[in-house]
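Below you will find the structure I want to go over with you.
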Amino acid sequence: MGSAEQISQLAVDGLMVGALYAVIALGYTLVYGVLQLINFAHSEVFMLGAFGGLFACRALVPGDGATPAGLAAAGLVLVGLVAGAAAGGAAAYTLERCAYRPLRRRGAPRLAYLISAIGASLFAFNLAGKEFGRQSVPVPDLFANRTVVTVLGAEISTQSLVIAATALLMLLAVDHLVADTRLGLSIRAVAQDAECAGLMGVDVQRVIVVTFVLGGLLAGAGGFLYAMTFNASYTMGFVPGIKAFTAAVLGGIGNVRGAVLGGLLLGLVESFGGYLFDASYKNVIAFTVLVGVLLVRPSGLLGTRLGRPA
Amino acid sequence: MTATPRPLRTRPARTVALRPMAALVAGFALVGAALTACGGDSDDGGKKEYLIGFQGPLSGDSQQLGINAYNGVLTAVEQLNGDKSLPFTLRIVASDDQGLPEQGPTAAQKLIDNPKLMAVVGPVFSGPTKSSEPLYSQAGLLSVSPSATNPALTDLGFTSFYRVIAPDTVQGAAAAEFLAKVVKAKRVYSLDDRSEYGTGLSGAIERGLEQADVPFTHDGINPTKDYTSQATKIMADGADAVYYSGYYPEYALLTKALRGKGYDGAILSGDGSNDDQFIRQAGTANAEGALITCPCSDANTDPSAAAFVAEYKKVNSGLKPGTYSGEAYDATNAIASVLRKLGTDANRESVRTAFGSVDMPGVTKRIKFERNGDVQGSTVYVYQVKDGQRTVLGPVSSLIKP
Amino acid sequence: MSGRLRSLRTAGLLAALAAVMTGPTGDADHPLAGIRGSLAFPRVLFFAAAALVLWAALLGRDRLRAQARTLRGTALGRLAGPAGAGAGNGNGNGNGAGAATRPGATWLSGRRGAVLGHAALLAVALAVPPVLPTAAQQALVSEIGIYALLALGLNVVVGYAGLLDLGYIAFFAIGAYTTAYLTSADAMPWHAPWQLNPFFVLPIALLVAAVAGVVLGGPTLRLRGDYLAIVTLGFGEIVQLLANNADGVTGGPRGVFGLPPLSVELPGVRYSWGLDPLPYYYLLIALIVLVMVVFGRWERSRTGRAWTAIRQDEVAAEATGVATMRMKLLAFAVGASVSGFAGVVVATKQFFNPQSFGLQASLLVLTIVIFGGMGSRLGVVLGALVLQGTAFLLRDTVPPADRFIYFGAVVVLMMIFRPEGLLPPRAHRPRGSGPSRDRSVESVESVDSDGAAGTSRGVADQASPGVVS
Amino acid sequence: MSGATVPRPLPAPISRTIPQPRPSVADPILDVRDVTLRFGGLTSLDGVSLRQGRGSVLAVIGPNGAGKTSLFNCLTGAYRPQQGSARFWPTAPATSANPAGASALEGVGEGGVELVGRSPHRVARVGIARTFQNIRLFPEMSAVENVQVGVEVRARAGALRGLVPTRAVRREEREILERSHLLLDFVGLRHRVRWPAGSLAYGEQRRLEIARALGTSPSLLLLDEPAAGATASERRDLVALIRAIVDQGVSVLLIEHDIRLVAAVARSIVVLNFGRVIATGSPEQIRSDPAVVEAYLGDSDGRADDRAGDRTAGQAGDRADGREGRR
């Protein structure tokens, strides 16, 4: 293998993982934009989405061990995505309803939200471990995974293509939704000044719920995509969650396009960093990026809040 | 003197009223938990009862290995209790250490506190063994591990520690030999998971490879999910065999990543990966052809262990023995053989002193100990995934000859 | 009417949740088996009954509250009401110390009562353990005592200064590894040229951990609360990873084994802590009492007030001349040093490896602090006793791996229903005072808008979670 | 709420005080020169200069969003202006170790102390205390504890020394508590000593904030709209309170909308609009100044735009304010 091939291979791998980080990061960024609150439990939404999609696929994949092909494969991927998104959305709704809303109603201080979210996270992933077992679970093979194209020596598999294409579609959809729709307008209004938006007739409570659910839908679908490569397990949320959060901060938290940029960049940094240094330090790399960005440029690369032109 | 201060709220009724719920729910949870506990044990005739302890992970991420071992102990105990010629009955007391070193002392102490308890099968993992053995040695309570393979454990001066499994040095040497002579690897990529077990095994393998003059690259990676850049690194290294010293969840992901990139060299791992979960988690197609070394025979395919397998299935409602089940069964039987000799007036001290001279056939190997508590001699077997099934290729020694 | 139905729904949901939490376990092949099993007969009957009891309790309580409210409403009426009179009364003497006794107080309240109460608790703590089985003693040391000490330290950071530190256990690791470095020549590859008695290591580990706290806190304490939480979490992970990967220094995953036990060697007095848990227990009690006394003194001093001020409104504290950065660093360093302190005890008592210092341990300590009562010394010690003690007693009925389901639920429920914890700190307990903080009412039902000082809610935003009780 | 506030003498700082110098406008306490503050493209303060005599009351008035609070934030270290300087000549409380007071104050020479670039707590320590437009108390702490936090700025016992209750430490604690009670007395909150600050009535909270500020023994007190939301009788009390404070030798810099209240206490007034000083002078001069009349009544089109811009700038600043980063 020549070194140019390795470089493009690492870039492709990094971009694929980065796209997943971006999808999860959107959830952090949207919620942050609206509530100025880091949703610590978002990683568990991601995990539950992965299980949701996985179980749906398992129920549908024929048990004879044959790998589906063609339309059946595409349909199964879609089912997985939808089920994952649904599970994620439901989890996010429940989270908002049970761990956040009572606090908001009381006007609790920020620290309370953080702690409540940490508690919810502990609860959710350990309960998932109890109900779904503590072993890693693979997503059944939904299509034959083989190399489709070779770009500059990098082999791109069906799976990478599926993941990248889906992630891209979701990112575009969210960007459109936030930038161009009425719902997006109210989200941006609440992000900029919740009180004022409330006075102007925006149903703030509803916008918050919708934002949570939107983040949950994305994270759930992202969880399913993630599980296709890396299997699902009850502890799977934590590390990608932290990394997605890093991506959100890197791009500028509260900024939708920033989250995408941050995710892709972080994926690349990690992929190359893991190759050049020690793969054990991949998490250290991510944390170092996080700390560095927070200390040097807390507003991130693009640095604007949700609702202001990027 | 005054009303207690209480914030006024817009919805006082709800918020205030829900207040006691935290306590109530906690109460329900506790009662419910108690409900799940089953009733007491019934006494069995007039025979003397000895207790046998079990220490291992019965919950947590690695619970499967602990459960395998526990079921092995259970099988032996059920079988022995069915034997009318024994002057005593046996009962198991299990203590869960979750496989974590910091849980070890408490788990061990629970067993030590029970005066009727004569010996312990366990601890299952090396970490808790290190933290628990000082207590067992102090209490003079015999503990026989079915699976703690860290080489150093028998050199730490524990006076009541034995194990019925060969340390990783034995497996490492055999694996290196297998790589050099059967796989005929020109270059080996030795990767460990930086755990106590993994580093011990990879170290032993690398010493063996040095002796066999096979060049190798050493690398370590903490358990993670994303092995893609590691796979790129391995392929860039040009090694035609990869040996992963670690456990099956990571071995599965590594195999998946390597095969996904079209790696066509040999992929191997050790006893920590010797579980059907590996095939499941890697996907049948990816796992095909993967090799696993283990200082354990597969009772399921070993004709001499057929009786054990049948008994195991009977006791454990149809489950097949897993990794370490046979070893735990042997450890229990070895303890029982000492008790049988001592009759009804055994005590901890007599059991411990008599155990060093045990010499009996077991289902996994002959059970006979070195002075330091290591089991004598051991065979390392090689397994391969064929058609989605783990199958035994045979002992390393016999694979080398042809 | 709808209120009642809502209570019933809440009660039912909580009971169902409890049923699932305590119910059977599922696995990946039968993902719904656990839930289905939890909601099957006869369990479901029990929990349905529990829900009804809960509902009845709620309704009864509702009614009492409503009555109390009407009474209070009339009492508060126009003027400051009885409360104001009482308060003025209580401070007629003006110059009394912080804990001036209130009129009408019985001999059990006030300063003297507190001292007596503490003394009684201490007597129980000293007298009971010897009669317990050794396993319980073992748990008292390594699961309760150590965590009580850790919780006392974290309490300074979270409870006093209002900073969320999720990498707290890293300082525990630093204390433990410092002990290994200084006391043994062969437990760890890297060791000091001379070996010290572990007792001398106590102050050294305390200092090392405090310095580590300052080094970490220096750059990060400028960050806002939730960022700080994430950065400290990252720090904790990094310390664990480094301990695991730097096998040439720390021994890596093999851990540290065989440190010399604590021992006293004075002329005439020779004592060595061995494997028996009881001596460690008494040592821990001594340390806990020491730490509680020191922190109690701090709590009532200028330092404690500065911390509270920072927690409640950092901008105002800074403008009032409180060196907020320095005080936050102090809180961080103090918390870290207690953690390092505990590290010494653990290191000399038992084997440890990097696994022992994971995120879960940090979260466990946090859970204890939340449960016990942020800012309350006795509260967090009792929190450790109750939480960890229950976990120990139920270890054979509830799988230990399920513990964190309960801990997570405890944290969320506490934050919702009783943010001030099991035993709230003095400041939050009822005290002869007037109507409560009507300002908090203003922010009810509105969105928390991040210290937007332009709005009237700047104050509430910065305040501690213990604020609203 | 609680009836008339009868100002009493302002209690002495915990350590002895040297005699306060007589108020004299020729002897400045504050000299602000050319302060410019921008947020992104928005200019919040544009070359603001003002000068305050020792022992005087200077009022800063201006329409909403004129930059008054931004000016306060620049003086107290919450913002760092891009240009300009603010020099301050404190009258330091003397300590027993240093009876000379002012001359020994760190960094105070002929040129006074530069405020720009100081962190807020160091501004407070050098002798400037402030209140906030939107009251910022420590709502959970009792009234007296709120004041104690201020008084303790001048305390000697640090975190470690405070641990050991030596005689000196105890005496100091007693003095702090005593002084805090006297300050509460001074602002008329004697009957609220042990009440949580958050439970006080609005007017009481304002007074408590002033007591806390006075606790730091300032030579200059910055009041940000102290009469906002006050009743007529509360305003009268406030006038009396401010006069009493000035009588004790503390200079006051005041932001206020109520021009009658301003005229009652301040001999000179600075008018800000769009971040610029548009007029300076006595209340009478200001009232007849055409620029001021224009600013308050004048053409509404232009003003609406600029004010909106200024408001956004203020918001951005407030957000920074809420974060830990001060600059």
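Note that the chains are named A, B, C and D in the order they appear, and that numbering of residues resets to 1 at the start of each chain.
The rule is short, and it goes like this: a residue touches a chain if its C-beta (ideal position, glycine included) is under 8 Å from a C-beta of that chain, and two chains touch if they have at least 3 such contacts.
Worth saying up front: this structure is predicted, and the values here are computed from it rather than measured.
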With centres defined as the mean of C-alpha atoms, identify the chain lying farthest from subunit D.
B
Report which of A-B and B-C is connected by more C-beta pairs in contact.
B-C
Could you tell me the distance, in whole angstrom, between the mean C-alpha positions of subunit B and subunit C?
35
Would you mind pulling out the distance in Å between where the CA atoms of subunit C average out and where those of subunit D do?
38
What whole-Å value do you get for the distance between subunit A and subunit D if each is reduced to the mean of its CA atoms?
48
When you check subunit C against every other chain, which residues touch at least two of them?
21, 87, 222-223, 241, 245, 401-402, 409-410, 414, 416, 431-438, 440, 444-445, 450, 452, 455, 460-464, 467-468
At which residue positions does subunit A touch at least two other chains?
102, 105-106, 134-135, 137, 278, 280, 283, 298
Residue numbers of subunit B (touch at least two other chains):
5, 9, 11, 60, 63, 194, 220, 222
Taking the complex as given, what residues does subunit D use to touch subunit C?
76, 78, 119-121, 124-125, 129-130, 132, 134-142, 145, 148-150, 152-153, 155, 157, 159, 162-163, 165, 173-174, 176-178, 181, 190-196, 198-200, 212-213, 215-216, 314-315, 318-319, 321-326
Footprint of subunit D on subunit C - complex, ascending
80, 84, 87-88, 90-91, 94-95, 97, 221-224, 294, 297-298, 301-303, 305-306, 308-309, 312-325, 330, 427-428, 431-440, 450-456, 458-464, 466-467
Name, in rising order, each residue of subunit B that touches subunit C in their complex.
1-14, 16-22, 24-26, 28-37, 58-60, 63, 96, 98, 100-106, 109-110, 112-113, 127, 130-131, 134-135, 138, 152, 156, 194-196, 198-199, 220, 222
Would you mind writing out the residues of subunit B in touch with subunit A in their complex?
9, 11, 15, 60-61, 63-64, 194, 219-222, 224-230, 232-233, 235-236, 249, 252-253, 256, 260-262, 277, 280-285, 388
Touching residues (chain side subunit C, partner subunit B) in the complex
3, 6-7, 10-11, 14-15, 17-19, 21-24, 43, 46-47, 50, 53-54, 57-58, 61-62, 65-66, 68-69, 72, 75, 82-83, 86-87, 89, 102-104, 133-135, 137-139, 142-143, 241, 244-245, 247, 252-255, 257-258, 274-275, 277, 350-353, 355-356, 390, 392, 394-402, 406, 409-410, 413-414, 416-418, 430-438, 440-441, 444-445, 468-469
